[in-house]
Amino acid sequence: MDLLFGILRFLLATTLLLLMTIPTAFVVIQMELKVIAQMQLRYGPNRVGPWGMFQSTIHGFKFLAKEDHIPDQADRATFTLAPWMVYMAAAMSMLVMPFAPGAIAADFNIGIVYFFAVIGLSVVGLLIAGWASYNKYSLLGGLRSAAQMVSYEIPLTLSVVGVVVLGGTLNFRELIAWQQLHGWMLIWQPVGLGIFYIASLAEINRTPFDMVEADSELVAGPFTEYSGMRFGFFFFAEYVALFIMSGVMTALFFGGWLAPWPFPAQLEGFGGTLYGLLWFFLKSYMFVFVAVWLRATLPRVRVDQLMGMAWKVLLPLAMLNLLVTAGAVLVFNL
Amino acid sequence: MADVRRPRPTAEQLGRRRTLSAPAKAGALVRLLLDRFPGLASTIWTDDDTVEVQIDGAGNVALLGDLRDDPELHFWFLADAAAVDYGVGERFEVVYHLYSDLHPAWLRVRARVDRADPHIPTITGLWEGANFHEREMYDMMGILFDGNRDLRRIFMSPDYRSFPQRRDFLLPDDAADSQAAGVNPLERPETWDLTRLEESRAPGVMAGAGDEP
Amino acid sequence: MALEVPERAGAGAAGAEADRIVIADQSGSDELLREFGMEEHPRGGFHGLLEVIPTRADIILDLIRSNSLWPLLSGLSCCAIEMMSTATSKNDIDRFGMFPFRASPRQADVLIVAGTLTTKMAGPLVRLWEQMPEPKWCVAMGTCTTSGGRFKRSYSVVQGVDRVMPVDVYVPGCPPRPEGLIYGMMKLHELVKQRRGEWPTYVDRGPQRSNWEGDVR
Amino acid sequence: MTSELRIPDPLELEAAEEGRLRAVAGLPPLKRGGGEYAGFESVGLPDRPPQTEREREVYTLDEGEMLVNMGPQHPSTHGVMRLVIKVRGEVVIDIDPVLGYLHRGIEKLCENATYTTVMTYVDPMDYLSAMHNEHAPAIAFEKLFGIKAPPRAEYIRALVVELNRVFSHGLMMGFLALDMGGLTPILYSFINRDDVVDMLSAISGQRMLFNFFRVGGVNFDTNDEFMSRLGTWRAGVLKTIEMSERILTDNEIFRGRTVGMGVLSGAQAIALGVTGPSLRASGVPFDVRKAHPYSIYPELEFDVITQAGGDVYSRYLQRVAELKQSIHLIDQIVDKMPHGPVQAQVPGIIRPRPGRAYAAVESPRGLYSVYAISDGGPNPYRFRMRDPSFVSLQALPKLMPGRLIADTMAVMASFDPVMGGVDK
């Protein structure tokens, strides 16, 4: 009976999460459309639905009705596989996302490790897409993505190790509980936060690190030859990843579902879940907003500057941060 | 707006004379040219801001090199290089316009090229930037620049056969070869008298044969 | 499966024919494909479900399509500047869901031919058009693309882009004002919505020249 | 992390190491093959033998090299230009710009048009500075015909020309940012551009290809709408420019990508024929408005601005400075503008005496000149235009070897080429 219940719960959770990625992507894309428009002194989409609310949904459904083209010279098997890999990497990492107390699909004790293992898979998809398209722009974009993501994974993970050492756990829920007790990780790990934010932007290919889809250099990077729903998957995965990274940053550094004040930082029962969801989404979308803001403001860095920054600045800084954190934990017995 | 105005640089800083606002006086330049190149004396012609000399095509590199390197002439900037077609049976001319900060006039050098055998030495050795001009002249007029490393068509596709800027290349439409020659006949009363026009614009002969354009 | 084959679908089936719901058999019969006017397609065979099965879903899909027309980021000449101006703060064509100018033709829906088309550019432009996935539309912006315009007499200008590819909307002007282009795009929206279930096939689309090399001369 | 550093090429390092080992072992140095002629198929063209030495050089590939074909449709080739880039990894080895995708034969058409209708053909040349395109032929034809435009016409000419320069330089700031991935400055630039072109359309009746200049004057006098729009625009223009400037000038990423990038020395620029702001950014104070004053520029007070760097950032700064200088000039012109007619008495069909005239103006991209020959007929016998961006493009293959693909876009945008002018 327990087994059956477990299977049912698993199926329900995965289906819900998979379904949830789509509206998440729509909301993030809509935010990007509208926020950038406002920053550029435009109205932005305002014809579809009230205030153009459904514009991103319309964009998404349009992909469904487009011709799905596979170039002659492309490697068909890998060409069709690549969008799924990228999308699944983004969707799977949602499994451990701590939305609210009682709203975590899989409450592992190694949730953080799982997350960084899965989110790193998307690079394989991009590399495959670049190689399979039989296009020089795609190839260059795919190789760029491999170099960039592999480089930035190291400072990204190292900056989180500091958090883990301090919190003493690899579980998101326990980490949030630790933050309720000791204050948000933001206070304890400010350097880690900085490294994490920069590296996470690079990890999900956002401006100013959007080398992969650099549309003024490589036409659309690895996606150049993709059309229809296959491109739609890449497109969605990009924005889902943006939300996920913001969510993880919220969980790691900004107290997850905790309210910013201690009076009721957290409630019990079903009300507590709703209360937690409210705060989690508020904080996450705030970071999505910051990413969109950066996109509207900053030009793109060059690929060698990007790599130099990862290896010469972020990596030593992350090491130092880890060293200091570990030393402090040892000395002060935190 | 004070921030955009800078202290006025001195004449030394600018490296040239400051009295350029008056209509150019080209006398000094003409005297200098007569002094340096007595052979060109018969071809010198001046406008109010241009001095012009005519040479044979083969001598272009030597003359332009002298003009550039002579400290008193110092025509350091190639403003333009263009080709002119004077019609079938006539000649081509490659026209160079030079600028010098010592002289308040453009210097125009007209180099004659045989139309039947259009060869002229390249000047990319003097000014690298002449390359695109020469490629354009080759593309449009079919003039061959000996020594240019990159003489291929620049505007038309490589398999294009003719040279569109030549006078005997007529536009596919009516206009170029018709009596009206590009003007709507209704605008030109004289086109009504077709015989008179035929005399003045016979193919290959310039209008008013006396004064050469 | 109820199989009903009209006399000549695709190439202008009109009137009562258009109201019939046709469900095609996808077993790969060449005859059937020819009935649908698809024998011209280089690879033949099944290609895009919605071209072969016009159903009522098209009404909704056309609404969706018309509100999400992504133009190709491709400007040929002067009109390109006015096309960009149409996308900027003052005229903001993003209001109609058109802003993401895609750099890759694979992801674009509309080809706005903005500027004079020369013989040298005709080949690459046709290739761009062929690289765009169906359903796709072409807007000829400016007089040069309509007829050659002020360069009609030139030796290197294609006298109207409709000589090399099908055009859906012509926008006059040299160049058209941004308002003009927006009006043209509104006309295209109407066109998209009117064509419910009447999607042209490859035959209707006019000359499809996949091995285009060199000039149009 | 200076951007001046050349990116070491892995294959080159490998070869150097191999050579060192061979030298240590006492072996003769390995002769690297001359490479293999790749042909044109790799860039999607029908194959043919190379026509020139240079073509063979570009299309011959060493080991590990690849040809990347950018254009004719590419987001940042500023129109329809094709760049065949020989790369090793992402490092550019050589560039071959292929032009002509917008060649409309304007010179030939002008030779078949009357002197008045030439203005309509030269407009789309350099379509971001249509007023300058008309200015040079107007001066040349006036020289041929032996008339002078009335003073008020000259002032109106200078006014619209400087207005044109303002929006052209403004757009350059935006395009430079766009080619580096910055989305917003271009939209701010277009706010300014839309204001100016609406103003110019109030005086000329057209938004972009104005057809405003006539032989011996201009088409229309100023009107109330133009002047009121001018006042409104002048009040707010510096703020609009500052919006872009704030995003770019001190931006660390922008500076990191532009400072020290694409350095063009003064001597090199002169040899290549680069003119205009790009030449002055290399420290050469050559401005046609001062060197060969035309129109009313002798009466205006301004100085030639130069920069020392010669890199992309200097060219950007030079544009911004000249933009502000143009606004300053506009103030002066409006203050000094006299009253009077705007068109000299000329016949409907102009037939100058046979002769030659050369006229040059300073367009936003540099020296724009016209050489016109008259044979006494109603249309020019020969009409030649020298476009600055056409010549400036030659600097690209000189600057790029050893840089990255991404920098190609930045360096090209810093020269601000307009394909309409390049291809005629």
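First chain written, first letter: the chains are A, B, C and D, and each begins at residue 1.
Everything below uses one rule, namely that contacts are C-beta pairs under 8 Å (C-beta built on N, C-alpha and C of every residue); 3 or more make two chains touch, one makes a residue touch a chain.
Keep in mind that this is a model prediction, so the values were computed, not measured.
Shared touching chains for chain B and chain C?
Chains touching both chain B and chain C: D.
By CA centroid distance, what chain is farthest from chain C?
Comparing chain centres, B lies farthest from chain C.
Among the chain pairs here, which one is joined by the most contacts?
If you count contacting C-beta pairs, the leading pair is B-D.
So how far apart, in whole Å, are chain A and chain D when each is placed at the average of its C-alpha atoms?
From the centre of chain A to the centre of chain D is 42 Å.
So what's the Cα centroid distance for chain A and chain B, whole Å?
Centre separation, chain A to chain B: 62 Å.
How far is the middle of chain B from the middle of chain D, if each middle is the mean of its Cα atoms, in Å?
Once rounded, the distance between the two centres reads 22 Å.
Measure off the straight-line distance from the CA centroid of chain A to the CA centroid of chain C, and report it in whole Å.
36
Can you list the chain B residues in contact with two or more other chains?
In chain B, the residues touching two or more other chains are 155-157, 164, 169, 171, 175.
Using the touch definition from the top, which residues of chain D touch two or more other chains?
In chain D, the residues touching two or more other chains are 74-75, 100, 103, 105, 108-109, 112, 187-188, 191, 423.
What are the residues of chain A that contact at least two other chains?
Correct list: 40-42, 215-216, 219.
Using the contact rule from the top, write out all pairs of chains that touch.
Pairs flagged as touching, ordered by label: A-C, A-D, B-C, B-D, C-D.
Report the residues of chain C in contact with chain D in the complex, numbered from low to high.
Result: residues 72-78, 80-82, 84-85, 88-90, 103, 105, 115-116, 118, 120-121, 124-125, 128, 150-151, 153-157, 174-175, 177, 213-214 of chain C touch chain D.
Show which residues of chain A lie in contact with chain C when the two form their complex.
Where chain A meets chain C, its residues are 33, 37, 40-48, 52, 55, 58-59, 61-62, 65-69, 215-216, 219-220, 223-228, 231.
Quick check on the complex: what are the chain B residues that touch chain C?
155-157, 159-160, 164, 169, 171-173, 175
Mind listing the chain B positions that touch chain D in their complex?
1, 3-6, 8-9, 13-16, 20-21, 24, 47-50, 52, 76-80, 82, 84-85, 95, 97, 99, 101, 104, 106, 108, 127-133, 136, 140, 149-158, 164-165, 169, 171, 175-176, 181-183, 187-188, 201, 206-208, 211-213
In the complex, go through chain D and note every residue touching chain A.
1, 3, 7, 66, 68-69, 74-76, 90, 177-184, 187-188, 191, 247-248, 251, 253-254, 256-257, 404-409
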